[in-house]
Amino acid sequence: MSNKVHLEEVNIHFGKTHAVRDVSMSFPENSVTAIIGPSGCGKSTLLRSMNRMHDLVPSARVTGKILVDNGDIYGRGVDPVSIRRRVGMVFQKPNPFPAMSIYDNVVAGYKLNGRLPREEANEIVESCLKRVALWDEVKDRLKTNAMTLSGGQQQRLCIARTIAVKPEVILMDEPASALDPISTLKIEELIEELKTRYTIIIVTHNMQQAARVSDYTAFLYMGDLVECGETKKIFTTPEQKRTEDYITGRFG
Amino acid sequence: MEREHFSKQFDTELNDIREKLLEMGGKVEVMIANAMKSLVERDTELAEKTIAFDHEINNLEMVIDEKCLEVLARRQPAARDLRFITLALKIVTDLERIGDQCANIAKRSRELNQEPSLKPYIDLPRMAQAASDMVKEALDAFVRGDDALAIKVCEDDQFVDELNEQIQRELLTFMMGDPSTISRAIKINHVSKCLERIADHATNVAEMVIFMVKGKDIRHTIA
Amino acid sequence: MHGMAYRKAKNHLMNLVMLACTLAVLIPLGLIFFHILKMGVSSLSLDFFTQIPKPTGEAGGGMANGMLGSLIMIGGASLIGLPIGILGAIYLAEFGGSKVSTVIRFGADVLSGTPSIITGMVAYTLLVVPMKGFSGLAGSVALALIMIPIVLRTTEEQLKMVPGSLREASLALGVPFWRTSLKVTLRSAMSGVLTGILLAVARVSGETAPLLFTALGNQFWSRDISQPMAALPLQIFSFAIAPYEDWHKLAWAGALVLVTVMFVLSLTARFFGRSRHSG
Amino acid sequence: MLTDSTGAQHSRQRDLASETALRGTPETENILQTVTKREKEQAKGMKGDLVFRYLTTCFAFSILAILALMLYEMTGESMPSIRAFGWKFVSSSDWDAVQGVFGALPYLYGSVVSSVLALLLATPLSIGAALFITEIAPARWGTIIAPLVELLAAIPSVIYGLWGVLVMAPWLQSTVQPFLIEHFGFIPLFQGAPYGVSMLAAIFILMIMVVPIITSITREVLLAVPLSQKEAAIALGATRWETIKMAILPYGKSGILGAAILGLGRAIGETMAVTMVIGNAPNISLSLLSPAYTMPSVIANEFAETTSKLHGSALMEIGLILMVVTLIVNGLARLLIWSVSKSANGGAA
Amino acid sequence: MSNKVHLEEVNIHFGKTHAVRDVSMSFPENSVTAIIGPSGCGKSTLLRSMNRMHDLVPSARVTGKILVDNGDIYGRGVDPVSIRRRVGMVFQKPNPFPAMSIYDNVVAGYKLNGRLPREEANEIVESCLKRVALWDEVKDRLKTNAMTLSGGQQQRLCIARTIAVKPEVILMDEPASALDPISTLKIEELIEELKTRYTIIIVTHNMQQAARVSDYTAFLYMGDLVECGETKKIFTTPEQKRTEDYITGRFG
Amino acid sequence: MEREHFSKQFDTELNDIREKLLEMGGKVEVMIANAMKSLVERDTELAEKTIAFDHEINNLEMVIDEKCLEVLARRQPAARDLRFITLALKIVTDLERIGDQCANIAKRSRELNQEPSLKPYIDLPRMAQAASDMVKEALDAFVRGDDALAIKVCEDDQFVDELNEQIQRELLTFMMGDPSTISRAIKINHVSKCLERIADHATNVAEMVIFMVKGKDIRHTIA
């Protein structure tokens, strides 16, 4: 399996805060990699560097190399807007566009490219909603407002919206932490299925969730990458003492 | 028969363990059969094969252990699933020991084949068949969650024990009568003990199946 | 299909359009500031704060009586308006939710949307006519009518922003509902409520129209609220439309003072508002 | 709160039983005392809640009382005029206090034209400015401009009027209006002589006055758009303008609409500034350059010095019309905002 | 161990919704009982009936008997205010009074009801903060605003505030669901310690949490009490098929 | 030696299991000693006691199993803790089997005590001591997480195996020489086999300890 995303000595500063230190690691293609670690260790910060969401924060500074398909996304002349189409993102709280219908939400990103013929749009909506296992639940009310869906459905809609623009990598920042347990399980199942087509990187501070959904796990601690490897290994026989302590609940 | 897990992946993993256990059970049965065949038909080559085969059983034990550990670490199973996994962990040890006993039988068979035959084996194959059936049924009970079958296995142990005692008495008579048979008789005696232990292990499995299904620990109560 | 270049160009164009809008908004407002400052500072003197207006033609004089009158009437308006507004808001926030409170809310909105000159007319028919004369009291009532809906709605919003969990926390400690309302809910919203009050005071302190035929105005010192009373905005108005250069100067000075007062009030309000967010 | 009656009876019986059983020893005496003390406190607590509820209810209802009283008074005072002129009051443009003939059409016309045109100019500018401040300008600019705009929204109208009559009107008269007449004189809107004080001046001053209001409310609405909405658009690969179009404006739609309508209400009712710059001439003229009159202005100018009972009543009727108009505008705004926000939030509940 | 709280055929309606049906069960003294079940099954509703928080909801109707120390808390003439002092409550989101200092928050239950002598207050503050293991962290800044504390500290402060009024029973409605994992563990530890003095009833939709903290577990499903017993038993060998299915993640 | 868990309760539970295991280990050692003593000193009463004592070991097995299951269900252990629990589950089986073997020794001892003594026991007590030490050291290694000690245990098994073979050869000579000793010799042979199996179980435990500490499964690699 080749590496889809590759980090080389990535450092991220916010003003004087050094939030991520010298992180080098790879994310294999068509697999789920979980990033775990205590609150404030830099998980979200690291994740957001991978589709240049930090460009919006004036104080943020990213150094080192972040390669997607061997191309440096922070390279000169690289347009963040086009990077974000290749590297999609799903957020903690479901955030469908409230003024739009379910249908419009799915094609919201796709439409930015210009007018979209009716049939093509229909096709995209159907295939994306099917892929997130939402089609059967909403096919009779595609034109109703997206906010009429439940939290879990909204999150799946957001995932549909993200895959509609045909990304290669999907970043997820605690995608289920605002959901009830059953919706959480549904999202986890979905992640399992999506990994056949996309490279998925997920931040979660629920260790059990990381254990359940991911193929690889990276453990961050105070901005450092402590250990990174197969999830099975990390959760049964980690190599680093700090990983072991964190995973077994020995902190403080 | 049973509802599926919400997570298909979890179901797959549990099924995988179940299948690997069955596979191991199947291999163990073959091993019992082969060990006995090598003895009865004085087939030293088959005995060698059987001894070598133990290696595979050992490997399967490690694979299943690892899988169980992985499921425990990644899925946090509870209730029936948890009992299933912990008992898989224990059953696999029993199966591995059964494999060891088969290897022991094969070793004795290898030795016995060097010497002239003492007497035709009549009770021993019957005992082996009974023990083998018990292993099979215990595993079936485990996989199907069938506690009735498991109880039957526990009861069958009695029969094997009786056969064992009978064989021992018989061998003692042989030895007393003809000291030259002592060495061979001791070896046959050992085979009989091995078969008895195999039946014991099957009984262990069956007891644990009852625990898994009923949630009641009946070990050390009947015995 | 649009190319990236097209989308980027559009992005830049729209940025420019929005910048232009901002300038179009800021320039006239900047001019107003500039003139008030320029004319006001040059016309301001100590007399302005101590003297009453001189008769036409005489130079000098000030608007001291207007300032005093404004203070008295605003005080009166607050005395009437604040209790009604705040307690009414508590009703809406704590017991509201039914149809009745929707109606009350709507009424308050109508009241605050009513042009201020109309509250003046109403105060006129209610007080001036029966009392047979213009009075500071009538002015206070007119101003109170303007304050009430503002205070009511801002207070209600603030109370509603207090999370229900806080109320539940207090009730779960075994505190009666009324104490909870006053000591927990209202107190938690206090800074926001104060902001609302200050904004309401700021609003009425610049009101002119409702005073035109209630307080009427007074050329002399006036402390008796049953008599016509001077007010700063009224004086600015009448001096501005008078054809005398001297009076214009006084009007500019009054404007500067009024604007300064408004600024101080809104800055204080902002301060309260901010401490709420950071606290 | 309902409880099944048997349960309640049951507990009361038990209470009695325990009381009789306990009486006697000094200790139990003590317990009983504390119990009764506690009960008294409880009773006080429950009574306090009732009193509190009635009190706040009274104050809340006084709003409705005030409103009813206002409408009653205004209608009552307007009755003579309504009886005398009927519908002619709003269709006629004769206003002669000496002869006792009153028609309010010029005032209605002036009010509507000045406030609607002012709003049409102000709204796009305000939205553009608010977007610029919140979304485009560096954060530091925003923190400087925004409070400035907010302060301007608090400046009293009399001061706008002062500036309008002493600075803007002369400037219009000397430069803008001659220019318009010269280059655009063929359009009826810009015909006539340059007076300075005029409909145009009123429109300008109203626009300048409502711009800060609409801008600051719009800005707050935009700030209330959750970051998650913006991030959603950005993560889909939207440019800044596309983000505004896709996520921010739709989310803030209802709030912005409300802001505009609030501006309209303010413009219609605005008295002092307009009175000072509109010229106060009861004309109905297509030209924006000629003086005009508005409803609040005529009230402000004439109400204190009415010449007759009918004159006062006519002014009252204008006030009544003004009130009804603002009531309708505000009511409409409210309904609009409600319906919009309902469709947005209704599902979330 | 005697039963502190006892429910007998409790039914709770909201208007026409029958949220809790015929629940009869007991909560043993000085133990932690967890109520688990899928979202919307009536966990919170049942919990809130035990200190009459439903009194504030006009549409709510509670029937059946809820006995605390054998006294019916819905009996005639029973004042809900005094019930709430005996049966304290901790909520999902930490909700300290934002306008008060840490100190004042702890004694809020007294102060809001009248004056409290200085020394007595000092004593209460110290002992309660110690009991929730917050004293060492805040003793130097008792007078600072309570909102300056972290989420986990705030929640412990809320617990201190609750125990300050000397309740006998403490109800907790998902007390850690808004907290990060470490704060969650701290709260769980605290619950463990508090149970020596109080009877604790906790609602959680995190099954693992219920397994960790509780001595007894009750499983609610669509308003019905399905099973209730020792936590150990419920999580290893439940009696009801429905409990087993829920606990092992077999739903839908 | 090791950091504590955030949850003291969890630490307590783990320690509890650890202590129970040690207790079981201690009891098993006593059982080995008693079984041997009953044999060497021909103390039938002690033999009876030892056989009865097996019951306690069986009980402890069930108690520890239940505790492990509870911790798995309630704490969702991972990594080292998970390995600890799963291995406790397996070790407890080994200990129980050791108990069974001791009971078997005591049974043989009871039978042998009815007959005249065959010969003074020299190698058997040495073997028993070695096996008992191995059990003790394996448990120490488990509790202390000491992989070096565990490796030593694995190596010691060799010694016990050799003793066993030596004893078997010796007994064969006896039996050949005097058929009247056959019945007793077979029993002593059985005792020796039991001791050998005890050592095997100790080795199993040691291997698993190495897995627990190192995370590496070395079972079936040395053997």
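All chains are identified by letter, namely A, B, C, D, E and F, in their written order; residue positions are counted from 1 within each chain.
In this section, contacts are C-beta pairs under 8 Å (C-beta built on N, C-alpha and C of every residue); 3 or more make two chains touch, one makes a residue touch a chain.
Note that the structure is a prediction, hence the values are computed from the model and not measured.
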Neighbouring chains common to chain D and chain E, by label: A, C
Chain of greatest Cα-centre distance to chain E: B
Homomeric contact chain A-chain E: same or different residue positions, threshold half: same
Centre-of-Cα separation between chain E and chain A, whole angstrom: 35
Whole-Å separation of chain centres (CA-atom averages), chain C against chain F: 90
Approximate Å spacing (C-alpha centroids) for the pair chain A, chain F: 52
Whole-Å gap between the CA centroids of chain B and chain C: 91
Per-residue multi-chain contacts in chain D, two or more chains: 45-46, 239, 242
Per-residue multi-chain contacts in chain E, two or more chains: 81-82, 182, 185, 207-208, 211, 235-236, 249, 251-252
Junction residues of chain B, two or more chains touched: 6-7, 69, 73, 76, 78-79, 82-83
Chain E residues within the chain B interface of the complex: 207-208, 211, 235-238, 243-245, 247-252
Complex interface listing, chain F residues touching chain E: 6-9, 69-70, 73-76
Chain B-touching residues of chain A, taken from the complex the two chains share: 182, 185, 188-189, 192, 208, 211-212, 231-232, 235-236
Interfacial residue positions of chain D with respect to chain C in the complex: 45-46, 48-49, 51-53, 55-57, 59-64, 66-67, 69-70, 73-74, 77, 124-129, 131-133, 136-137, 145, 147-152, 154-163, 165-167, 204, 208, 211-212, 215, 239-242, 244, 265, 268-272, 276, 296, 299-300, 303-304, 315-316, 319, 322-323, 326-327, 329-331, 334
Chain A-touching residues of chain E, taken from the complex the two chains share: 38-39, 180-182, 185, 205-208, 249, 251-252
